C-alpha cells in the first residue's frame, strides 16, 4: 500500500461512519453542489490533506544507457530550430500521467545537439541550467556571453535571459537540462519570447565574460555591487567543483570538520551576491561519497533529481534498491525515503526545488535515527 | 479563443512545418520514448511554455445567494466532527476538472457551524484563515487561545497551529475559509494531525490573548522579539479595518497621498514582526472603492479570490462583466484581465498567492494604459 | 578602583617588565614616532583594548526637580528662534569632559517652549525623538504634518525630516529630546539645513496624518508598501502604550506568557514596515514594573538613558543605589551593572544605542545569575 | 578656513545676535547648568551640528620610507610578547590629539616581527585584518588554523578569534594591521582575552584550512550553510586579486562593462556566506588604475585608509596634491574631497568604515560633476 493510500486511510477510518449511508437528500445536495461548482471537504479530506506528503510522483530510475541512444536517434530524425526550439527529451515521472515532469516542480531532459547544429535564441521566465555528464564542443550564448560547455560543468540560464547553443565540432553532444517548467506551468507564471535565429556571438572563448568578472574567490567586482535574483556566474567549472570536494575529503583525513557527514563531501552552487541558491526556484549541489560510504536514510519535503557523474553505487528509494552507473538519473519525490551507497568513489550531481520549500517555510527533514 | 490556445498557436505556427509528417521511424522513436517514460519537448512546447500565462483556471463568480442555502442544507444533513472534521464547501474552479480548487494554489470554502456545534481540534501544515461576511457567536480556538469571530473580522490559523471552533449560540454561522490546500497538495508539503475532540478552552472572551499582546499600533512586546514566520495576531478586527479605510478616504479628501489610486483605499493585513504578509503563502487585503470609482484594468501573475463585503458593483473579468452583491465571490486566475466598478461605496475582501510569486520572483503586473 | 583601571591592570601587570626601563635609544625612538605622527601600541594596550568595556562615561542621575526650574529660567532669559534654533538643555555626562553628551552616542535634553512661542523649522541627518513626561499644547510639525504632543507620547523626527514646534497655549511646555548627536559628531555624518522660520502648517489636529494612515494594528496601507529606514509613525500615543503594558500584566495574572520577566511588562516602539527599531541608531522602549518588583542585575554593551514617567523606585548603578521620582533621568554606560526596584507601580521610558550595537554585531548581555 | 569653521559660521552668523550680550542672570544660569551637569544647545549648535561633516581628523600621508626604518628600530629595541602583545606602530591622525587613531573609527599600524619571533595568541572583540605590502615567511594562526602571509595577501582575524603570529625565517617581516580599535573604544564594546603564549599550531602550510574549504568560486560547502557575521575566509590571496583586476581591464579593452569607471578596476573583499563585507565594521577593497587615469573628485560620509601597493601617482586631498610611492599610506576623513591620478599602473589597497555608515543609513556620496 502506498504512502498515499495509507494517509487517506488515517482519515477514512473515522470518516466512514459519518458518510456511510448517503440518503436521497444528501445525493441531491451533492448534485446541487456540482451544478454550482462546489465540492464538499468532508468526502475528500484524506486525499486533500494527508497525514504526511503522499505524492503522486513515484521514485524512478532512468538509465543513461537507454537515454543516450534514443537521443541519438532523435538527432537523426528531428531537426532542431525555430518552433521546436530544442531537441530535448524529458523524464516523465510514471506517477504523473504522462506529463513531461520529473517531479511536480522539476523538469529534467537530455538535450542533444548534432555536429555544427545551432539551437536558436529565445528567452523565458522559467529558470534553466545545464549539467554536462560527458562531451564538449558546444557553446551556450547567454544574453550575448558565449559559455563553453565541458564535462562536469554546471551552466546557468536564469529566467528571462536570452540563450541559444551552437555545436562547433563534428561530433554530437548531449547534456542534462534542468528547469522549473512544471512549477511555472502550475503557477501560471511563464512568459516566452523568441530571439535571434542564430546565436548572437559565435566566438568560442575558454571562459565566459561572467566567469572572468565573478569567479575570483571572495572577491566582488565594484561594478557588480547590486545583488541579483539569480547568480551572475554563467558557468561553474568542473575543476573547481572537483577541487572543493577533494579538499573536503583531505580535511576529513586530517581530522578537521569539512564534510557533511563521514565520507560525504558536498558543495552547493551559489549566487555570489547573496551566498544563496543560484536561482530562486532551483537548488543545485554536487555530492562525492568515499568508497564504502552509506548515507543515513532521509525524507525531505520537496523533490530532487540526481544524476550519477562518475562511479558506481546504489540508491535505496522507499525501500527498493537500484544499481547506479554513470549518467543514470533518478528522482526522489517529496517525503520519499532515500539513501545512497558508494562502491568506489561516487560522484553525483543533484538538483531540487528546495528554494521553493524554504522560501515558503514548507521545508521539513527527517533523518532516520535522529530525533525528528 | 482562450488565452491558452492563442499562446499555443504562437509556437505551433512555426513548429508545424517541422513535425508535420511523422515518418514511421519517428513514430517508433516516440513509442520508444513512451516505454522509457520520456516525452519530447518539441511536440508540446506551446502548451508547456506559452508566450504568457495561459491558465486552465477560469474567471468565475459564485453567488452568496446560492452558496448560503446550500450550506444550510448541509448543516441539516451532514454532521460535523472527527473524521469529516469540518462542514466546509469549497469553490471548484470550472476549469480545474472538478477539483476543490478555487485556483491552482488557493482553496476557498464556505464553512457552516450549526447552533451549539463544535468542530474538533486538529492541525496541518497548510496555512488557513477565516473571513466573516456575516454573523457572530462562534469562537475559534487557536493553539489554546479563544478568538471571537464577528462580521468583518479576518482570523488566522497559520500552519501547524491546533484549532477548533465552537458555536455558543442558537443560530448557525457561516464564514469564508481560505487556505493554501491546493498548493500544499501540489507541492506535497502537507502534514496533518488530530487534536482534542472538543476545543481546549471553551471560554468566550471579547479579545484573544494574541490581540491583547500584539494589537497596539507601533508597539512590540519585549517578550515577542523573535520574528515569526506567520503573524502572531489571531484576529484583525473590522473596527480597525474600517477605520483605516475611512481615514485613507478622508486624507484623500484633504488632498493628501493616502489611497492607492483616486477613490481606492486599501490595506494589507501584515505580520507585525516583519511588516510582511500574514502567512508565507497567502496575502490578504481589504479594498474600499468610493461610489462611482472604476479601477484600471490589471493583469497580474498569480491568482486571487475576492469576496464582496458590502455594497454593489461590477467586476469585468477577461472582458466579461458580472454584477456583484454582498457575499459574492469571484476568482481572478493568473494574468486574467480584471477591473472593478463601484455603484455605492464598495467594500471587498481579497486574498491571493502573491507571497509565493514574490518570494520566488515570478511576479509581474501589467496595468492598462501604463508602460509595461 | 574603576572597571577601567582594573582592566588596564590586567594588561599592565605583564607589560611592565618589558617597558620598565626606557633606554635613551627607546626615548629617541618614541620621539621619532611622535614627529612622524605614530604611536606604539605596546605602551597603551591596556587603555585601548581593555579586558571588557571600560567607559569614560559614568552612571549618573539628573533630578527633574532641578532640571525643570533651570529650563524655566532659560525660558525667561533666552529667546528661541533662528540661529539658536532650540531652547534645549542637554545632560552632560560627568565623565565626558563637559561635552553635551549623556553617553558617547546619545544626546538627551530638556526642551522648553514658552507660551505662543515657535521653534523654527530645520532638518538634520541626526535622528531625533521627543518624549513628553508632562504637559500639552505644543504641536511639532514634521515634514509638514502637525503632530500633537501630550503627556506620555513618544514622537519621531527621523533624520533629514524638516521639523519645527509651536506652542498654542498660554503655558510653557517642557519635554525630553533624544538624539544621536554625539554619534553623528563622532562619525562625522551630520548634515544640517534651515527651513521655514514659522512652521509650515499651524493647524492643531488631534492626530497627525501619519497616525491616521499607519496606526491601525496589523494593517498596512497599500500606498505605503515600500519599507522605510525609519518608522512612518510620527506619534506613539500614551493611550496605546499604557494599554499594551496593562494587558501584559493582566495576561501575567492569568498565568500566560506576556511579560519579560515576572512583574516586568515592556514594549519596544517599532517601525511597522519592518518590525524593527524606529530609527537606525536609536531604540526606544517603555517599561512598567509592578510594585515590589526587582529586576536582575544586567550588563549590556551599549548605553541607555532612562526617564521616570510615573511612580517611585530605585536604580542600582554599578553598586550605588539612587532614589528615583517622576521625571528623573539616569544614564547607564556600556557594561555598567544596573537593576531597578519598584515601590509602587513604576513606569519608565528608556532609549539606547542598541541598534548600533546590534547592526554591527557588538552586542553582548550579561545577566547576573544566568550562564554568560 | 577649514570646512569645520565654515560650517560653524553658517550657524553663528544668525546665532550671534541672540547670545551677544550675556547678562548677569544669564551667566548665573550657565553656571547653574554647569553645576547640574547640563549644557545648553544654543551656544554650541554650530560645532555640534555643522551644515556638513566637519571632522577633526585631517587628511594626511605617511611615507613607507619613514615608517619602515622606525619599525626596524623598534624591532631592535622592543621585545614582542605577552603583555605588549604586538610590536605595532599606529598612525596617529594629526587632528586627533595624539591618539593612536588613523581616523575616528579606524586603526592602521605597521606591525613588525623579527626573525624567529612569535607574537603570542590572544583574542578581542575588535575586528582585525592584515595586508602585506612586502615580505613573506610569517604564518598567522587564527583559531588554530595556520595562515601563510605573503605579499599582496589580505588576511582576516574577525572579532573574538584567537590569533598569534610566528616568523619562520631569518628575516624580519612588516605588514599593515587594520582594526576598528578606535570605534570599539568609542563605543565601549571591546573585550580582550589572553591565549597561548606560543601559537597553537606551528605548521606552515601553503594554504589555510579555511581557504581549502571556502575558496572555490561560486561553491559553498554543505558543512558551512550557516551564514557567519564575518567571512570564513582567512586569506584572500594576491594571485586572485591580481587576476580579478587584470580581467576587468581586459574586459574594458573588449568594450564590455566591467570596471567602475574608465581605467579604474576594483574589487571588494567579501564574506562568501552573504556577499557582504568581510567584517561588520570594516570594508576592504583593492583598486587598480591604468596609467594616466584620473578619478573624479569624491566626498563620502565615513573615513578610509589607503596604502599604495605598487606604482606611482598622486592623491589630491581637500585640494592639496601629494606624491605617492609604494607602501605610502594616507587617510581620507569623512566628507574630505579626494581623487587619485596614476602615472604608471597604480595599485592601491583601501579599507574603510563604510559598513558602519551603510548599516546605520548614514552614507552619502558626492561626486564632482554629478547631480548630488
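Chains: A, B, C and D, in written order; residue numbering restarts at 1 for each.
The rule we apply is simple: contacts are C-beta pairs under 8 Å (C-beta built on N, C-alpha and C of every residue); 3 or more make two chains touch, one makes a residue touch a chain.
If you want to know which protein each chain is, UniProt gives these names: A, B, C, D = Cupin.
Please read these numbers as outputs of a predicted model, since none were measured by experiment.
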Check your understanding: Going by the contact rule set out at the top, which chains touch both subunit C and subunit D?
Key -> none
Practice item. Return the chain whose centre of C-alpha atoms lies at maximal distance from the corresponding centre of subunit D. Key: B
Review point. Distance-wise, how many Å sit between the C-alpha centres of subunit A and subunit B, to the nearest whole number?
Key: 29
Point to revise | subunit A and subunit D, separation of their C-alpha mean positions in angstrom | key: 44
Revision key, fill the gap. Averaging C-alpha coordinates per chain, one finds the centres of subunit B and subunit D separated by a number of Å equal to 52
Point to revise | Touching two or more other chains - residues of subunit D | key: none
Exercise for review: With chains as vertices and touches as edges, which is it: line, ring, star, complete or other?
Suggested key: ring
**Study point:** subunit A partner contacts - residues on subunit B that touch it in the complex
**Key:** 10-11, 13-19, 23, 25-26, 29, 32-34, 36-42, 44-45, 48-55, 57, 60, 62, 66-67, 70, 73-74, 77-79, 81-94, 98-100, 104-105, 109, 124-126, 159, 181, 184-193, 229, 280-281, 301-303, 333-335, 353, 355-357, 359-362, 364
Study note, to complete from the structure: Residue set of subunit D touching subunit A in the complex reads 209, 211-223, 225, 227, 231, 233, 236, 240-241, 243-244, 247-248, 250-251, 256-260, 266-275, 285
